[in-house]
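Chain nomenclature is as follows: A, B, C and D, assigned in order of appearance, with residue numbering initiated at 1 for each chain independently.
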Amino acid sequence: MGIVRVGFIELWVRDLEASLGFYRGLLGFRLERQEGRSAYLRGYEELEWSLKLTQAPFPAVRTLGFKVDGEEALEALLRWAEEEGLPHREEADWGRPRILRVQDPFGYPLAFYHRAEKLERVLQRYHEHRGPGILRLDHFNVFSPEVGEATRYYRERLGFRLTEYTEDEEGRLWASWLHRKGNVHDIAFTNGEGPRLHHFAYWLPDPMAILRAADILAGAVQTDRIERGPGRHGISNAMFLYLKDPDGHRIELYTSDYLTVDPDHPPLRWSLNDPRRQTLWGHRTPKSWFLEGSPLLSLEDAPLPTRPSPLQGLPEHVI
Amino acid sequence: MGIVRVGFIELWVRDLEASLGFYRGLLGFRLERQEGRSAYLRGYEELEWSLKLTQAPFPAVRTLGFKVDGEEALEALLRWAEEEGLPHREEADWGRPRILRVQDPFGYPLAFYHRAEKLERVLQRYHEHRGPGILRLDHFNVFSPEVGEATRYYRERLGFRLTEYTEDEEGRLWASWLHRKGNVHDIAFTNGEGPRLHHFAYWLPDPMAILRAADILAGAVQTDRIERGPGRHGISNAMFLYLKDPDGHRIELYTSDYLTVDPDHPPLRWSLNDPRRQTLWGHRTPKSWFLEGSPLLSLEDAPLPTRPSPLQGLPEHVI
Amino acid sequence: MGIVRVGFIELWVRDLEASLGFYRGLLGFRLERQEGRSAYLRGYEELEWSLKLTQAPFPAVRTLGFKVDGEEALEALLRWAEEEGLPHREEADWGRPRILRVQDPFGYPLAFYHRAEKLERVLQRYHEHRGPGILRLDHFNVFSPEVGEATRYYRERLGFRLTEYTEDEEGRLWASWLHRKGNVHDIAFTNGEGPRLHHFAYWLPDPMAILRAADILAGAVQTDRIERGPGRHGISNAMFLYLKDPDGHRIELYTSDYLTVDPDHPPLRWSLNDPRRQTLWGHRTPKSWFLEGSPLLSLEDAPLPTRPSPLQGLPEHVI
Amino acid sequence: MGIVRVGFIELWVRDLEASLGFYRGLLGFRLERQEGRSAYLRGYEELEWSLKLTQAPFPAVRTLGFKVDGEEALEALLRWAEEEGLPHREEADWGRPRILRVQDPFGYPLAFYHRAEKLERVLQRYHEHRGPGILRLDHFNVFSPEVGEATRYYRERLGFRLTEYTEDEEGRLWASWLHRKGNVHDIAFTNGEGPRLHHFAYWLPDPMAILRAADILAGAVQTDRIERGPGRHGISNAMFLYLKDPDGHRIELYTSDYLTVDPDHPPLRWSLNDPRRQTLWGHRTPKSWFLEGSPLLSLEDAPLPTRPSPLQGLPEHVI
């Protein structure tokens, strides 16, 4: 299908200034444009904006955007939507003349685009970097009540590749990590009430930057925004920090996973109750991390209903 | 009294090989001598051994050693012990011809020494460094049922300087940090059943080394030895990782506190229930951290009886 | 052509034990097999060996290996070799049943393979990691007297993508960086007498690891092996350290470049005399770095003759 | 004499705004007060200002300030000045009611103070930190044509302790490092035309911060301000970066030396031509580093004449 990587996310937020205070003021995202009720931001490595915040009556996720490798890919995706009878529409946004929005069979509000106006390169303008040094959007993680089916579909129909997965003793899939761009994931499915967004993640330059992010939140006396971490995941081997933004959207700061470009890269299996799975160092995970997520919007900007998962229960290693 | 800094600790361990597997094998301590039932270790910056492990029937702390600035200081400390009627004796150990052991009025088995055979400098033999890069002994932290009195005594009689302290709303002292060498502490008193050792701490070169230590423990599938951290303390500003050794002795890996040499350095007050006190990032502290400690030995190598503290209750921010 | 990434390099060395002392003993490469005159090593992230050292009468590079995405790719490469009349042959090596060796039109002794026996995952066995923590082979950099033509050929015939390049004021190409795997390069061409290898590079986890590598070399009193760095390249934005092995082969320790998976990723142009190009911090580059390289072997294991480049002269910013 | 540590430096600069652009804008120093022609700055760990910049007709160093442990120390220093017939005077400055200025026998314009108004603690206000995270003034390094005599005098009369020194084969002292506060130095003497200031140094939190400083200078396209580094000194084991400010004053960013509080700490001898002395990694040192320095002022604010050193010649390891 020509999907290259995660491309952008659009969040509905209730107070744009408060959100900018968080994303720009504390995390140092670069604000590239603010117009009407929307703001467009990016990390320091990105040449395209990747985070759109839109003031709205309630918090939600409007789109999960993916970059594709050309206009032909958009045509193929359009045919897929039509053939599958999936809700879809095209729209344009700042610097992106054609965005194909498709609600996938599981309800996720995907968006695909190829052409994007390139912004000025600021990676090496280090004197302008602020905060922990956010570099680029890395992945989405979504709650799903049907991880097994979603994983199969994304592999078979959308060309994603499996890198890691969590199974219980009966062989049921509780979580999966799927990539296109060559690291551990562009999207992950996590068992739970869904469809909802679990979190979106940005890549940071190194583990020290993760620690710096925690220090910055603490300095600003906003430790209540720190939900989990800093720590190192067993899964993905990445250093992480999970934050809740002023609307409760969860953002992960993430770094140091590994290369997965080989087509014969063997997926890594984790047992559900392996204590090193969630955090390599054995830390327990707060219950909120398994339960809370962001609502998604339909293509008509209505909140999507969610369904509980048939797989109930939390891993043992929870606070 | 001429106390310069913490100097060494002698631990009783039940299985010397198991302990060496932990301290030398995983943490990379340098083993300088093993003789009979005892092993002498040091960090890469130290010119004197600082950790003595002795195989014994039960786990305990035999001595909390301090380096003093000359023989006159030893004489002054001897007079102090005699005048106060404190149990004391002199002994020699490897490369240390004169160690004055004194059981202080609170029961802590202190040891003072000045002369010590210097070991070869290995700080810059980086190709030989192993583990996270343990540099030097930094401090002791002891449980005390009388933090207020102990703090006053150590300041007034032994010349320690207060850098930080924790108070409740009634002005009662729950913990104090006292130094001689110019950083946050050489010794800290923590409210609780005592006298016992809460932990001893070694200095690491930087926060990345703290993370590396956690990775090493995880790699060896010994995450159960990780009690708390990695994190940053509000108190002391230090990055930390607390580990339990095979006998349950708690060792802190510690770095990045601050300079306190000014005689007019103002002690920093923390409120007992400030969530940033224990961990700047707001992490809760496991209950074990408030309750578990190592027994101390009398000068006759008998376990010291402990007393409960009149100050009962845990901070709110506990798991 | 289905090339996925750089895969391995085979070096001829004069003293295998000395080379293992360097790669394994100091840099901490994992030795997976030693048989006869050859040793097979890898970084901690790799599931396939990537460095083969073979004792030989003189130092040389026998193969520059690339992983391809399947057997069909090998067939396509075989047809390419036949159609172009390029010397080629197939061979097998440890755990790799089919390696297609082709001497490309410029003389480079390429090797292509798909199937490879997977080695045990050791990325998270951190307690076994030694040295600075070598993770994976990242790229080759080769001297070429015809950078412009080689770049064009590798883009058009082998499917490489250009990410950065150095041009003089007349628009002549002095160097180019080309990738397949999604970061700055799998192969780079540098103006100079060629064909020769300029260096091969391994990825390290973070900039601290680069510093640690320098410390380790210094600790072992082998600073003469440090040719250049640590520093940050303007080109690629990577932190680097260049070392010379006991045979003079140049290895780069490399980290922190950026993602280049977008098909519309715009190549970045550098001016030949921009002082930030070679080192972002303005450091000068030693002359040896522009002049010295490793000889390559023909498919018959004979040293390849080299040709001088028509582009003469060094950048201004040279020591 | 009760000297505790280096306390502050006052620099004459030709363009205060340009200097603030460098110290505050790029390096992130905290500006605490700007009044008339002077600005007062500090690092994030400091409770007292430590850098005073004063607009003046030419660049110079007005005072090298030391904190002392009480008013008695000031009296003792006053007696010393009187007995030795040294030029001296008292003055006050912002928040410092009594500063005793003394021109020592070698010409250095020292200043001593005890009382200082404490500024607000900002160490943990990480969200406000800018630049690489300057923490505290660490030391002065001065050129001297009589290193041997100056070293002896500072040890015997002012109570400094020697930690490291450079000697040639005839036993002549080329450089010395002397401390009061417990790390490698508060002041160092370097052979050369003097008295002049070679550099002053600020402590950074860790080696990553040193790299960040270099990145920031590069980002601002001010690589010409980077004179030397980043690197690790053999001497002191510290990571360093030397910068030239807009007036040519040299500032070192410095971290990771070691503890020297033991009175029996053995001074470390370096041979003049040991290549690891200047930079552990073997880097050569630019000639400017040995030749250029800042003029000092007399107590009447007149430039001090300098004398050449009888020890001529540069170490071999110079660019």
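The rule we apply is simple: contacts are C-beta pairs under 8 Å (C-beta built on N, C-alpha and C of every residue); 3 or more make two chains touch, one makes a residue touch a chain.
Worth saying up front: this structure is predicted, and the values here are computed from it rather than measured.
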Chain of greatest Cα-centre distance to chain A: D
Of A-C and B-C, pair with higher C-beta contact tally: A-C
Interchain centroid distance [CA atoms averaged], chain C/chain D, Å: 43
Inter-centroid spacing, chain C versus chain B (mean Cα positions, whole Å): 48
Whole-Å separation of chain centres (CA-atom averages), chain A against chain C: 33
Overlap residues in chain D, where contacts from two or more other chains coincide: 124, 206-208, 215, 217-218, 234, 276, 280
Chain-level touch network, classified as line, ring, star, complete or other: complete
Residues of chain D that touch chain B when the two form their complex: 4-5, 45, 47, 67, 69-70, 114-116, 118, 121, 123-124, 135-136, 181-182, 203, 205-208, 234, 237, 256, 258-259, 261-266, 268, 276, 280
Complex contacts: residues of chain B adjacent to chain C: 26, 124-129, 206, 208, 212, 215-220
Complex contact set, residues of chain D against chain C: 207-208, 211, 214-215, 217-218, 221, 223-224, 226, 230-232, 234, 239, 275-276, 280-282, 284, 319
